[in-house]
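Each of the next two complexes has chain A plus one more chain, namely chain B in the first and chain C in the second.
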Partner chain A sequence: MTHTINRRGLLKASGAVALTGALMSPAILRAQTAAIKVGVLEPLTGNLAYNGNQCVAGARFAAEAINAAGGIKSMGGAPIELVVVDAESRPEVAAAAVDTLVEAGVCAFTGSSASALGLASSQAAAKYDLAQVFSVGTAEAIVERGLPNVFRFTPGVEKISAVAMENLGLLNAAAGNPVKTAAIVHEDGPFGSQLSGIVEEALPQLGITVVEKIAHPTPHRDFNNIALRVKASEADILIPTNYLNEYTLMTRALQQQRVDLKAIYSVLGGAASNIKFVRENKDMAQYVIDCNHWYDPRKEQSKALAASVAAAGLDMTYDVMVAYAVIQVVADALERGASADRKAMIDALAASNFDGSIMPYGPTKFVNGDNVNSRPVNLQVRGDEIEVIFPEEYATAEPVFPRPSQG
Partner chain B sequence: MMRFASAGQVALVAIVVLYLAAVYVLPSQVWMGFTINALVVAIIALSWNVTGGFGGMSSFGHAAMYGTGAYASAVLQVQYGVNAWPAFAAGIVAGALMGAFIGALSFRYGLKGSYFALVTLAFAEVLRICASAFEITGAGRGLQLRLDPGLATLQFNSDRTLTYTLLLILVALVMALTAWIKYSRFGAYLVAVRENEDAARALGIDTYRVKVVAMAISGAFGGLAGVVYLQLWLFIDSAVVFGVAISVAALIGPIVGGAGTVWGPLIGTLGLHLLGEGAKTALHNAPGLNFVLYAIVLIVALRFLPQGLMGLAGRIGAFGRKGGSDA
Partner chain C sequence: MSSLILPAVLNGLMMGAVYALIALGLTLIYGVLHIINFAHGSLLMLALYAAYFLFQHLGIDPYLAAVIVVPLFFGLGYALQRVVIAPMSAGSEQNVLLVTLALSLVIDNLALYFWTSNTRTVDVPYAYNTVEVFGAYLTLGRVIAFVAALVVAGLMWLFMTRTRTGAAIRAVAVEKRGAEIVGIDVGHTYAICFGLGTACVALAACLLLPTFYVTPQVGYTFVLVAFTTVVMGGMGSLPGALIAGLALGVIEALGGLFLGESLGQIGIFVAFILTLLFRPSGLLGRRPA
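What follows is the complex of A and B.
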């Protein structure tokens, strides 16, 4: 039997090869689909650089995971391409950086590690109808301006402090109310001042009297006087609100001065939910409790993220988790809206009911830009690990409250 | 203003003016946003120039006036519901009063040179701590103006071209006042104080009064810069407006551009911002490297350009008079 190649046969064969190739190689098809650009506006330099870079890492892990899973399927498997811009830890730079994101052609952006940066950037983005999904921005002013392009996926300071106080009340009641007095130590910036004020008002409602309230600047290096004041106050519990370095030095001073507390319970403490603190200060860190942003560690995607972060040699912090989650939210909006148009993205985000993120939240529901189904969790340092102790449905360990005597 | 300017200085000024005009027609909005930021810093740089450049009173704490102006305006608007226009004026007055207060206190006790520089830094720090401690200033939470764009509220965020134009007018106004000071009798007194205070006093100049008035004028300009920042970004906190960064930005622009000249602060500030932005664009995958480059250029400029870019330009094609460096 002989085969002759004529023009019709060649065309048929070429068509069959092309069709087979297309069906067998979705990756090639995806490569031909234009990438969808999503902005990441974080402080990569300046005093918030650590948090900003952690957020960028989280966003990259999320984009990689989404692209590996087939990209945005409703848009032909289009991959997500991140456009990362440095906010330099300065509000005016964050606002000006929005122009860069718009000209890069992003459909939405995430950011910006601090409320002051996000306030400026979201306002600048409003005139472009460009959505900003906040990674971390706890100030309530963010969602009180009526800007339709603002979406805060994570909880704000009022919800976090309310949940923190509620959980403290539950912990104390379950233990027979051993905590009756509290000392508050806070940094004197926007973050610490606002939170400590809310906590100070809430504690008496739990039957806990505030016997000492101490503010300190950031940076602050000598915590001996503060430790002695806490000791003299004979407070049962210490509620600190400050940044990692000060938190570390404070706990060291408390240990050196042998301040025997029934608990250290921070709100958005940053250190008790920072594995770097646990790793480097294992003894001091034991049984410290924090109420903070955190993922649901039992989910498969969370486990995969933890493995990726470990493989990259990074610290697993809430910045990574939150940034990962907000990219998931953006990807879901793209999937449902099937459009990278800026206005369409705002509409898709406003209608979001996403429940597949790594966070321990219910389905997303934005009311005036604030996700009403977000919530913080309580964490406790136990051994080398940071365990979730509240709420019970996400808990990986039973709480230890009050902590064993340190004397 | 351009009396005794050399060809080099005329060319340098022309480049800056062309750039500022080009921002209107550049296809990229990035440059307009970045230039708006630079112009706010240019106003505080012009403020520093009145005392540091003309009078030789180098302050390390101009954020004290900048922050006072911003906070005065913000407190009036947020806590007392005062309209933005009188609050704007009050911010300028508050900056002037703070400048006069710091000057009066410092010069009464004969502080000069590095002692004066350090006491201004201390004032800025004390004000930063106070602003983060008292409820009226937001107690560390900062103060945010209600977003309400319009002429009545002095908020023009939605119209960048109008914002940019108004900022250019403000900068031109401050530069015109700077030029007027420079060529006035008061300006001559200031230069006399800078060159030899004892000799100036011996000639009958009330050096204390001259220095305090200079601080008040400088404070008014600084307060203006702070109020402009507030009206642009609608949010301030103690670190943003009383932080060391703004004090440093206030002095490096004039030093690089040419202290004691009218155009130097604007040229230096714009030049440094352009350098930083250019480096950031070129090195966008390596955040922070732009600051390294920025610092290297700054060190080189300080080492080899004692009179700044205006001094360098003055040596190119000088005419009118020798040196021609007082544009």
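What follows is the complex of A and C.
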């Protein structure tokens, strides 16, 4: 069979192509589903800028991964488009920023690195029926207000301190109960005071006597006195609850004053959750344990995230992990609800039983906005790395407890 | 508790030396020229970052970095006074206050923008080295800062009393118009003084870095104590700033020991109020004629 192309034939063919193109174009346009806007409200400037920017990086990595995997399939493969707004580390700005997010047409938003910011933004978002999936917000007040638009994926302070004490009991028992006495050092603000109070109550139940409890202001310039008091108390273990600057000075003073402790076991803070601290204070950071938010490092998605973070030259912090995970939660809700409507999103999130995040959690179950299946893990600095040491099923290294003598 | 008193006093003296070092620069600017420099803490922070980056990128030890940072900050201080503070304040003391406050806001926020609020420290091999004195372990870095505070206060005193520039600064401080009439370049003298003050704070930063951390907010941790030191020592008195700094370090340490760390810092302000009550011109300040 031979085909000859003459002028008439070419015209016919061209007309057919043009007609087909005209008829097909709406179908092509329909296939290019509009992006779904998801808000990311984080402090990009101000005191919490580092955490906020880390969170935004985590959210971007998550959105890129989801879009690369085909977007939201139940909505025609719609890609996720992040709308990033700066909370400026100020609660009033965080609240006002919700208007910007609503005007941008987001279906839900994540954020906001600190409880104070999240409390303000979620309150403002409630007026719009706009869901906020918290990245980091440990204050229990977040989930105690009964707001239907609040979803806290990560654990709060009560759960973290309870798990931290439970894990300490298990670590101590496994080592033959070498720790019998403890010193608590805490910052005297709401964070340190509340957490240290819970810890102080829990320790006697583990057979550990609190022999010293020292509060200090933030900022605090000199920890020599505190180190001397901890030394004089002859405590086996130190449980600090303070911010990183003071933590740095405190561990230096402990080292300089030759305070020989069987363990430094912090809750929500410390060397063992900050890779920068480990890099800059290698000797001092060794064997420090922390109970904090962290991902499951064994999952493939976690490994891919770690590679992306390293390629971008960023620090792998829990902010990145948590922000990544909450975008996964939002994407799953979009997938299940097949709608970007704000109320539909709240319903989809409330019914979420998502089991595919990078965090070491079971399926999501929000009860009054709090994910009852979230949990912190124990981390320990080992060489240049931060290893998960507890619980066993997520561990990347055996715990060293008690630590080798520093004397 | 009694066994902790001597170590606490000695450690307080070492911390007090740091306060004195920071206050020496301020006492020149605030005490002699009556310029309330709200940017002093921000300049301390900038110098800490300068020493930090020299260590991180070029491997220069913070103590050696002083050779670069101190002259650099002298120039910066000189330029700030000549190009920013003097023209913008137009000689008015209230305007100077606002200009230095604005400067501090700009410097702090630029630092936050470029370097983020993350804590940075240097890991020098001697960071944990200590000196044992009467059974108390004193941080080597703090002992060095203590000795440096004594030396710098002495050198500054010699400079102010034995050199022509020092005499010019004192003359401008006492009678600006008269100094102008006898041919002293007041603008240049102000800038020299501001440069010297900034150089002092840069030296304090280099001595502080091995034992402390750097963040864009770190200046606030010291600036209030530095102002207290200047006024308590007697405005413009370099030996006064040294004595007041050391005293405040000890008071703070003992306050922390006996009243608890949260309440201990109140000792600084109690001492300050008591000094002003019984000696309004400060410990070594000149009484008004």
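The criterion applied here is as follows: the second predicted complex is superposed on the first by the 375 of 407 C-alpha atoms of A that agree within 3 Å, B and C clash if a C-alpha of one lies under 4 Å from a C-alpha of the other, contacts with A are read in each partner's own complex, and residues count from 1 in each chain.
The rule is simple: a contact is a pair of C-beta atoms (placed from the backbone, for glycine too) under 8 Å apart; a residue touches a chain by one contact, two chains touch by 3 or more.
These figures come from a predicted structure and were not determined experimentally.
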item: Joint occupancy of chain A by chain B and chain C, clash or fit; value: fit
item: Which of chain B and chain C A:Val102 touches, first, second, both or neither; value: first
item: First (chain B), second (chain C), both or neither touched by A:Asp188; value: both
item: First, second, both or neither for A:Leu244, with chain B first and chain C second; value: second
item: First (chain B), second (chain C), both or neither touched by A:Ala215; value: both
item: First (chain B), second (chain C), both or neither touched by A:Thr45; value: both
item: Touching partner for A:Glu392 - first (chain B), second (chain C), both, neither; value: neither
item: After the two structures are overlaid on chain A, angle v-u-w for chain B, chain A, chain C in degrees (C-alpha centres, nearest 10); value: 50
item: Partner chain(s) touched by A:Ala116 [first = chain B, second = chain C, both, neither]; value: first
item: Chain C versus chain B - closest C-alpha approach in the superposed model, Å; value: 5
item: Where chain A meets both chain C and chain B, residue numbers; value: 45, 49, 188, 215, 217
item: Residue ranges of chain B touching chain A (in the complex, touch as defined); value: 28-30, 32-34, 36-37, 40, 129, 132-133, 138-142, 144, 146-147, 157-158, 229, 232-235, 237-240, 245, 280, 284, 287-288, 291
item: Chain C partner contacts - residues on chain A that touch it in the complex; value: 45-50, 53, 188, 214-217, 219-222, 224-226, 228-229, 232, 244-245, 248-249, 252, 255-258, 276-277, 280-284
item: Touching residues on chain A, where the partner in the complex is chain B; value: 44-45, 49, 84-86, 90-93, 95-96, 98-100, 102-103, 116, 119-120, 123-124, 127, 139, 141, 145-147, 188-194, 197, 215, 217
item: Residues of chain C defined as touching chain A within the complex; value: 3-4, 7-8, 11, 15, 109, 112-113, 116-123, 127-128, 130, 137, 139, 211-213, 215, 217, 220-222, 252-253, 256-257, 260-262, 264-265
